[in-house]
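There's a structure below that I have some questions on.
Think of it as A, B, C and D in the order they're written, each chain with its own count starting at 1.
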Amino acid sequence: MKPDMSVTIAGINLRNPVMTASGTFGYAEEFAEYVDLETIGAFVTKGLSLKPKAGNPTPRIVETPGGMLNAIGLQNVGIDAFIAKKVPFLRSVNTPAIVNFFGNTIDEYVEMASRLNEIPEIAGLEINISCPNVKQGGIVFGTDPQCAAEVVSACRKATTKALIVKLSPNVTDVTVMARACQDAGADALSLINTLTGMAIDLERRKPVLANITGGLSGPAIKPVALRMVWQVSKCVKVPIIGIGGIMNATDALEFILAGASAVQVGTASFINPSAAQEIAAGMEKWLADKGVADIKSLIGALE
Amino acid sequence: MQFKSMILSNSEVSPGYWKMRMTAPTEFSLAQPGQFVMVRVNSAIDPLLRRPFGIFDVGMHTPDYSGAAAQPYFEILYRVVGKGTSMLAGLHETDQLDVLGPLGKGFDLGTAAERKIIVGGGVGLAPLYMLARELVKQSSVSLYAGGRTRDDILCITEFERLGVECYVATEDGSLGKCGLVTEALVSSLSNGNGETSIYACGPHGMLKAVAGIAAEHDIYCQVSLEGYMACGVGACLGCVTPGRNHTVDTPDFRCVCAEGPVFDGKELGWGC
Amino acid sequence: MKPDMSVTIAGINLRNPVMTASGTFGYAEEFAEYVDLETIGAFVTKGLSLKPKAGNPTPRIVETPGGMLNAIGLQNVGIDAFIAKKVPFLRSVNTPAIVNFFGNTIDEYVEMASRLNEIPEIAGLEINISCPNVKQGGIVFGTDPQCAAEVVSACRKATTKALIVKLSPNVTDVTVMARACQDAGADALSLINTLTGMAIDLERRKPVLANITGGLSGPAIKPVALRMVWQVSKCVKVPIIGIGGIMNATDALEFILAGASAVQVGTASFINPSAAQEIAAGMEKWLADKGVADIKSLIGALE
Amino acid sequence: MQFKSMILSNSEVSPGYWKMRMTAPTEFSLAQPGQFVMVRVNSAIDPLLRRPFGIFDVGMHTPDYSGAAAQPYFEILYRVVGKGTSMLAGLHETDQLDVLGPLGKGFDLGTAAERKIIVGGGVGLAPLYMLARELVKQSSVSLYAGGRTRDDILCITEFERLGVECYVATEDGSLGKCGLVTEALVSSLSNGNGETSIYACGPHGMLKAVAGIAAEHDIYCQVSLEGYMACGVGACLGCVTPGRNHTVDTPDFRCVCAEGPVFDGKELGWGC
C-alpha cells in the first residue's frame, strides 16, 4: 500500500515534504537534467532583491570538515529579470515554487512582498531575515525579535500568499525569534539558515573567503538544526520546515520526528544533484517498509 | 549526466601527477575539448564536495580477455595537491566513483585556415590534449608548455605523437628554454604569421599574460579558468569570475562552471 | 634554530600553547601511557564541583557528521576526592594544571574558587559558565552578560590564581559576553565550549542521548570556533585560548592567527590520544620550516 | 599501546560477520582474554570516532615466502552493523589501520577445579574464543551459544577444536535447540554439579538473564559489557554503566572501558 506523502504547509499542498533550499538549487532549471522536478515537493528559489545584486568577491566558498562555508553575498538577478527570465520556466513545471527574498530596509522587504504577491506562478514567499553574509543585510533582522516582528508583520500586510519566515541559528534562544515571527503573522517557519563561520589559509595568513566570514552548511550543522527544530516545534503552532545538513532519507525523517512538517535539502544537492528526488523516494520507501500509512503521522512523533 | 564509473587504471605519470582512466556511458563520447567533470571522491562526507577535473581524453577500452565488449572510457590527468587528490591517487582499479559531466562550455575549434597555438602551464595541459587531437585534424598546431621544473611538463610525447610542434620552457631551465612560456610565445608571435588562434589553460597569472599578449596582437584567444566550485551546474554561484564590464553597481559576474570554464580572453575582467 | 614556542597566559608560563580541553583528557593520568605529559603546554582537568556529581544516564555520547555530541552531565568526583586522589598525580608532572569548575549558584562558584585557591599544585582556574548539558546548570550564566559578570567578579574576589573564563558559543553576540567577563576581572578567555545539538534514532523514534540534547564538538564546529575567536580577539585585551575542532597543527596555527594566544585540544584526544603532543611538535616544526623565530609573532597575525 | 597495524586478512566468516587478522607489536601478545581494541577505521573524519572490538585471538603469523620472520598478529570478529564496520569490511590485505589496545580489564580465569561455562550471544562470542583457549588448559569448558538464526552462531567448530562442549540454541530453531540459550543454561545448572564459574558476553538482555540465573544458583559470573565509547581510556565518561549501589545522590557509575568491559555480574546495577 502506497503511503500518503502529501503535506500542506501554509496552505500550499506538497506531493511530498521534500523541498530544495534557497541558494542551493538555483531557479530549478539548472537541475532539470539531473532530477525529475515533478518528484519534489517544492523548490525555493535563490534569495531575490529589488535590484540585481553583485554579491561578494571571490573566493566565495570553501570546504570545511563535514560542511562548507559560503559567502555568495546574495548575488541575484533582481526581481525584474526574475520575472522576465526565470518565472516562465517555473510556470512550465508542475511543482510549487516558493520565492526566497530579502531587503536592506523594511520598505524594501515590503515592496518585494507586494510585487511578488502579483506573480500567480508563485505559491509562497520565504522571508530571509537570517542570511549571515551581507554586512548591512538580513542579520540584524534575524537576531532581534523586535525587528523580525516588524518586518514580518509589514510583509504580512503586503501579501496574501503563504508567508514563510526563515530563522537564523545565530541566536541565544531561537524559540524567542520563532514566537515573535509567528505572532507577527508568519504562516510557517523554516530553519535553520547557516551558522556564521570562518576559514583561514595558514600559508597565506589570510581568511579563505574574500568576505572573511561565511555561512556554514552541510552535515556538520545537522545536530544544531535538529535541536532547534525540536525546540521550536515545542513552542509554536505554525508548521515548521526543517533545514540543515539533510543528506538522505534518514536525516529527513529525523527532522520530521523532531517536529518538522517538511524539510529543505540544501548543500546535498551540490554533492548529489538528484538528492532531493532520492530523499523523497527513500522516505516513501521507509514508510512503506514500516507500514506507516501517512507521513503526517510522523510529524513530531518523537517519544 | 551523472553516472557511476569504474576505475580502469590509475597511475603516476610524473612525480605528483596522476592519470586515471574510468568507464563512461556511451553518450559521454560526445564530450567537447575543454569540458570538465565533477568527481565524488568517496561516498563519505570527507571530503564533502566533488572535485572538478578537465577531461584529458575519451576513447574506447578493449578488455584483454577476448569476447568482452569494448567499453567507452574517459581520462583525467590530475596533480596531487590536497586531501581529495591524495585520496584519488590511493584508489585502485575496479574501485567505483560517482561522476557528473561532461560539464561546462568547451573550446571553439575555429576554422581550418587558422594556425593554432596551445599554451599550457603545468596541469593546465590536462584539458588541452583532447583539444589538440581535434585541432590537428584540420590545422597546424603548436604547443607552448611551461612549468616550474621538468616534472611539471606533462605528456609532451603524447602531443608530439599527434604531430603537434612542441616548445617547452621551465622556470629552472631543467627542460627546454629557461624562463616563462609566455616569453617563448611572444617571440613566436612577433614574426607575425597570418591568421592565428590561441588556446590557453594554466595558472591565473599565465592566462592573464597570454590574454594580454593576444590582445596586443589582436589574436582571438580562448582561456580555460579554474574556480572554487560546489555544484558545477550554475546553481551555487560560488565559482564566478568578473566579466569585462564588471563593477559592483553593474555586476557582470560570469559563472565559470556553466558559462565557462572556457572564455574569450577579451570577455573577462582580468583585474590587477 | 629552534623556535620559541613559549607563551604566557594570565601569568601562567607554558612551554608551548597547546593545552588539553576540560573533559577530554580526564585528570591527565589516563593518557600517561600514550603521551609524554611534559611535552604539553598545560592540562585542564574535568569540570569539578563541590559535591561528587552523578552525571546523566546513558547513552551519553553519539557520533555525528564530523563531530560528536556529549551529555556527560558533568559527572565528577567532587573537590574532596579530587584533592585526595587526583592532585598527587598532577603534582608529579612538571606541566601546569588548570582546574575547570562550575556550580549551580554563585555561592557554589565562589566556594569552589576559594577552596581551589588553597591548592598550590594548581596553576589556574577555568570557570565553566557554558556547559550546555545540565538543565539547571551553567547555561544560564553563560548566555547572560549580567549573570556571567556577577559570577566572574565574585570568583575574582575569591582567588588570586589565574582566572580563565570559558565562553559558550550558544549566544547571539559572543563579543558582548567576552567584554562582560573581561571587565568583571577575567585574566583570560577560553572559547568555544560545545554548541547545543541533538541526535535522533529513527528506528526507535527516540533521541539518541538520554539527556535529549548534548554538546557538539569536533572538526564540525571549527569554522564557528575560529569565527568567534577572531571576533573576540578584536574586542578584548586579555589573552584568548582557542578551542573547537582542533585536530592537527594546521588547525591550531589557524586559531593563533585568528587571535588566540594558546589553544585547547579536545575531541581530537579521543581519536588520537597523542594528539596534543603531536600538535605541539607539528606547530614547532612548521615554525622552524618557515623560519618563524617566535610563536608569539603569529598571534593575531591574520592579514 | 597505540600502533599502526597492517591487515593480513579480512574475510566474511558467516553472512554479515567478518574476521580480520592484523599485525601487532610483540608486547601485544600479553593481551588478556576479554580485553578490547579501539580501531580507527580511516584517517579521515568520517567516521570520526574509533570503533571498539573485542580481541578474538592473538598469535604468530608465518608468511608463506621463506626467510620472512614470523609476525605477531591479533584478530577481531566483527558484525557489519553500520558505517564503520561496513568500511572495515571493504578494506584489503596490506591496508593500514591505527589501533589502540589492548584496553580494559579482561576475564579472571579462576581456578582449575571449577567447571567453566561460557555463554555467548551472536557476536558476543568474539571475546570468548581466546578465553576458552586459556580455560581448556586447566578445566572442562562448555559453551552455550545463542543467536536469532544459524547465521548468528559463529566459530563453533573453532570452539569444538579446543575440546569445548558446545550447546547451541537459536530463536528460530534453524540450528541446535529452538529458543533462548539461557533456557538451555538453566536446565544444565539445575542438575547442580560442584564448583562452577560462568563467563558471558552478548546482548544486554541476555547478560542480565545470565547474571540473574547465576545469582539464583549463587555462581560466580563474569559478564563483558558494551557501551558507547569515545576515548576507550577512562577519560570521557561516555561509556559508564550503573554499579550495584548507584543512585543519583550516591553515584556509583562504573567505567566500561577502564574498569570493564568485564565485570562481576553481582557488581552491576541491572536496572529493569
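By definition in this document, contacts are C-beta pairs under 8 Å (C-beta built on N, C-alpha and C of every residue); 3 or more make two chains touch, one makes a residue touch a chain.
Quick caveat: nothing in here was measured; it's all calculated off a predicted structure.
Peer 1: Go through the assembly and pull out the chains touching chain C as well as chain D.
Peer 2: Intersection of chain C and chain D contact lists gives A, B.
Peer 1: How big is the gap, in whole Å, between where the Cα atoms of chain B centre and where those of chain D centre?
Peer 2: The answer is 54 Å.
Peer 1: What's the distance between the Cα centroids of chain A and chain D, rounded to whole Å?
Peer 2: Each chain's C-alpha centroid was found; their separation is 47 Å.
Peer 1: Between chain A and chain C, tell me the centre distance in angstrom, where each centre is the average of that chain's C-alpha atoms.
Peer 2: Comparing mean C-alpha positions, chain C is 34 Å from chain A.
Peer 1: Of all residues in chain B, which are in touch with two or more distinct other chains?
Peer 2: Chain B, residues with two or more chain partners: 45-46.
Peer 1: Scan chain A for residues touching two or more other chains and write them down.
Peer 2: If we look for residues of chain A contacting two or more partner chains, we find 65-67, 218-219, 247.
Peer 1: Once you've mapped the touching chain pairs, tell me: line, ring, star, complete or other?
Peer 2: If you draw each chain as a dot and join those that touch, every dot ends up joined to every other.
Peer 1: Considering only the defined contacts, which chain D positions touch chain B in the complex?
Peer 2: Residues 44-46, 83, 87 of chain D touch chain B in their complex.
Peer 1: In the complex formed with chain D, which residues of chain C make contact?
Peer 2: Listed in rising order, the residues of chain C that touch chain D are 23-26, 30-31, 33-34, 46, 52-55, 58-63, 65-68, 70, 72, 75, 218-219, 247, 267, 269-274.
Peer 1: In the complex, go through chain B and note every residue touching chain A.
Peer 2: Per the touch definition, chain B meets chain A at residues 1-2, 40, 45-50, 98, 100, 227-241, 246-249, 251, 253, 258.
Peer 1: Quick one: which bits of chain A touch chain D in the complex? Just the residue numbers, please.
Peer 2: These residues of chain A touch chain D: 65-66.
Peer 1: How about chain B: which of its residues touch chain C in the complex?
Peer 2: My answer: residues 45-46.
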